[in-house]
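Look at the two complexes coming up: subunit A is in both, with subunit B in one and subunit C in the other.
After this line comes the complex of A and B, so read on.
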């Protein structure tokens, strides 16, 4: 029988441009882990942590096995450090793996650490482009953004989605990121500013693409008895799951995210969610390109095909709506590499704990959903259902 | 039998650059001035200086300075010139065979590695005898120093 497991703490560092980061990898790690220990308080120290789950995509870090060279995970106490790499989803995969270890009774208190993976890259595109299937897809110069664009042009064609529709959902993220102390791009770009920003890879405009950020994020997981001792606001992990898709992008149907739809269906069945729009109070969805948020609404069953923009136009997924989504600004406004996938979980937990800063707190949020997306263009998805 | 399969060659060539961090920067700046900097964290001493204690997360409370002299704790003889050492643009001033030593400064809780010259690596008996006694060594500084560990060309025994 699996034990109950809760998220009891969240750690962050300041988020800025990766090129402006003045801290080294270990200094960032210390700042992040210490902020999580301080968040929990009640005398929790590094020596109480039974294991660390380090999430990164090694190729971006410029070192062999970056978890070894980040010297702040209790190495002095011989604490085990596990490295999890599923590209951009690694934070979600590490969250799942850590949850399983605590649920199984192997560990009592663990930390899932999302590395600030991009601080050493001179041009992240060099590495992103090298992630494509090498024989046929990579020689076309196709990297993450191009692959992402295929899904969005197809979405436009299938449902008559307009440039303004994409700008609307981008503006929702930018508006809230402006008030999020842990966001990188806090400019609050409006629909008009977004539509006037340069086209990067059609149909994706500059303000509809995530930045290259620095900053690390972590969450502290604890078994039920430890959680009850250490916090008055535990966020229980109801279910976590992940899925994988083909490496070859050409194998995908480009009709939304069908693997995410299957994953969500199974996960919601498991926890008894029949109508996600009615039963989920808050969601953090991975949106490195703003339009992805629509494809995710639809795959997650928040609305029918082609109806994503309607949810934003009617304010249903905005603050005060039925199911607010991405009030952190999400990945669109802060993409510190793999940390961003841990952040989806951290920000969902903060909402459920009632500890969100900057006039973004959702009232009485009880059930949350955290999503991570990554690998080679949505090769992997993870979902976690969380509850106060 | 079909014809041979096609062999595809490739290499990965990525550019990286990042801040060494505040403490490491301070240490490297010290090398330019022929100073080997250390610090105290929670009663323990570190040469070279360390940004924080990785057990307690305490920050340094005191900055320490030394001329870089220390004792050899362990060593090995390198018989081949190493390819792609930490700073490939820096000149290694020794020809193989040469010695790499583990050096401790002022009872530091942490040692560091550097080249050791002035002892004949072809005479292992002499080497063992000297190091067993806790051979005292001092840095030989490069004329031009750029703020990396090879600003010290190598270490040599203090006679």
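After this line comes the complex of A and C, so read on.
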């Protein structure tokens, strides 16, 4: 039998612009890991950690295998460091394999670390371009935002989604980010301000695109017996998995996220969730482009096709609604590369622990969902079901 | 305790750069398909895929995007771990023992030509070692120099260790270098990074390898006599530290201790039938003897001279020819597991071993540089009969 595994701690650094970051990779790492150990308290130290799962995409860091020279993961104790790179989903992938290793009894206490990725690169878009298929998409200059635009243009055309609809969900994130001490863009842009912001790649406007942030995030995972000793607010990991699409994309219709739909169905069946809107209390969904949140609602079964904007208009996914989503301000307001995919898990856990700052705490949240998206044209999704 | 079996493998013969004539996704597809076909399984039977490669060596960002579909992951769970192939085995075993999978594909490939010096220099820190131009060859030289200083080994011992590997590799149909270099040829080869000569340092090879991991139930359904994983250990060395810390192979010792404990191995010299270790430079084999506990400290050269670790010795090390004969920078770990499976399955008719039951496989990312920051992992593989 697999062992029960809980998230017992969360670590963060301050978030800022990658271009303004004054700290190096190891300094951020030390600060982040220390903040997680302090969060747990009860005498937990670096030497108690059995393994580190380091999530990053090498080129984002301007070096190859960045964790090798990042001296803050217990290497002094010869603690194993696993380098997980699946692009934007690396945090979700690391969370998955770390959970499995603890559940399998291989390790007792581990840390999943999302590296503050983009502080060493001159141009993140050139790096992201090199993830595209090299014969057609890459020479066309495809970067991250183009991936977003393909999906959102299709969504707009299929369901008559308006510019206001996209601005509305962006404004929801901006509103909450303004109150999150661990968010990067805390301007609280309104719908009008978002609509007045310049168009970047149609239909995505400037305030509907994530920034290039700096900051690291980590979570501490422990087996049941350790978790009970170390915390009064364990968040249990019920199920985690991922899905993979093909690399070539030319034939894809970009109709929402069908692979996420399949993954969610599999995972919800496993944990016995029949009606996600009713049974899930909080979700952190990966939306580097604001409109993605709608595609994710639909793939996860929160609403029917084209009904995403309705959920936001009716306040169902806002604070006080039936299923609040992205009260952290989401990836839209803070995207320090791969760390953002760990942040989705960390922020969901904070909600379930009841430890959210800035009047964003959801009352009695018991079941949470954390999602990550990444790879070439969103080839990968990861999903984790968490419970108090 | 539930067990995990290795039930099949796929491998392409290793060659020199430019000689594969295919992309890494094609190579990955071929070895993954071979592994499934060998035991009559289909892609649909897979629960998860684990890829062992590094972006820098694949020449593109998020290269698993290209590789996981080729290994059969479409609509399935997948992950890529860059550390080593054996770290990927830990992930595969974890997914099976945590009841998340019954059948896991592990695949790895090396077919892309990259600038080896540039990529390996790019994994050093950007302030000190990086700007100094640090590369793996220099790091190997430093470790070899340290070993000369603290032991009674000579440069001839290093050449002899290399030659032992080359002689073994000459008979291995999957090895890249099959020239069987003699000690004289090695000591005559040009000095590269003192005290290591050109033929004592492994040069990158191209090839691909895959294995299938299965839960105990699934393994017994599919084949009669699976190879079982009985021990696993992984550990990472500090990047900065004192000289003894950087050269002390702390991580290798810790990884081995963990694997030995799990497999119930008290005396590795007595309890193991063979070893397959990653030795990207000749001296490392002697260092590994000591770190793995098959001889006392500073006595590696004596063990080698006694012939204990030769192909016909009591405890053969690197019957495959080791890294000097096939050096896939991404795939070295999976390649060595395949080599160990061939020995445990008695598939190497040319090898004179009496039904080996238990073997050790070592893998390390020293392929991209040593002296700090390198990870090591140890896998113990066993057959019941």
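What we mean here is this: the second predicted complex is superposed on the first by the 387 of 388 C-alpha atoms of A that agree within 3 Å, B and C clash if a C-alpha of one lies under 4 Å from a C-alpha of the other, contacts with A are read in each partner's own complex, and residues count from 1 in each chain.
Heads up, the rule we're going with is that a contact is a pair of C-beta atoms (placed from the backbone, for glycine too) under 8 Å apart; a residue touches a chain by one contact, two chains touch by 3 or more.
These figures come from a predicted structure and were not determined experimentally.
Asks: Tell me the contact category for A:135 with respect to subunit B and subunit C: first, second, both or neither.
Replies: first
Asks: What is the contact status of A:127 with respect to subunit B (first) and subunit C (second): first, second, both, or neither?
Replies: A:127: touches subunit B and subunit C.
Asks: Touching A:105 in the superposition: subunit B (first), subunit C (second), both, neither?
Replies: second
Asks: Look at A:33 in the shared chain and tell me whether it touches subunit B only, subunit C only, both, or neither; answer first, second, both or neither.
Replies: Touch partner of A:33: subunit B, not subunit C.
Asks: Would you check which partner chain A:75 touches, where first means subunit B only, second means subunit C only, and both and neither mean what they say?
Replies: It touches subunit B and subunit C both.
Asks: In the superposed arrangement, does A:22 touch subunit B (first), subunit C (second), both or neither?
Replies: After superposing on A, A:22 lies in contact with subunit B but is clear of subunit C.
Asks: Please work out whether A:334 is in contact with subunit B alone, subunit C alone, both, or neither, and reply first, second, both or neither.
Replies: neither
Asks: For A:93, select first, second, both or neither according to whether it touches subunit B, subunit C, the two together, or no partner.
Replies: In the superposition, A:93 contacts subunit C only.
Asks: Can you tell me whether subunit B or subunit C touches more residues on subunit A?
Replies: C
Asks: On the A-aligned overlay, A:59 touches which partner chain: subunit B = first, subunit C = second, or both, or neither?
Replies: both
Asks: Report, in rising order, the residues of subunit A that make contact with subunit B in one complex and with subunit C in the other.
Replies: Touching subunit B and subunit C on subunit A: residues 59, 62, 71, 75-76, 120, 127, 130, 134.
Asks: Considering the complex alone, what residue numbers of subunit B touch subunit A?
Replies: My answer: residues 8, 10, 12, 14-24, 51-57.
Asks: Quick check on the complex: what are the subunit A residues that touch subunit B?
Replies: Residues 21-27, 30, 33-34, 37, 45-47, 59, 62, 71-72, 74-77, 119-123, 126-127, 130, 134-135.
Asks: Across the complex, what residues on subunit A touch subunit C?
Replies: It comes out as residues 1-3, 51, 57-60, 62-66, 68-71, 73, 75-76, 78-87, 93, 96-97, 99-101, 103-106, 120, 127-128, 130-131, 133-134, 241-247, 259, 262, 374-376, 379-380.
Asks: Spell out the part of subunit C that touches subunit A in their complex, as residue ranges.
Replies: Listed in rising order, the residues of subunit C that touch subunit A are 25, 49, 54-56, 60-62, 64-66, 68-69, 73-83, 87, 90-91, 93-100, 119-120, 122-126, 129-130, 232, 234-241, 250-251, 254-255, 365, 368-369, 372-375, 377.
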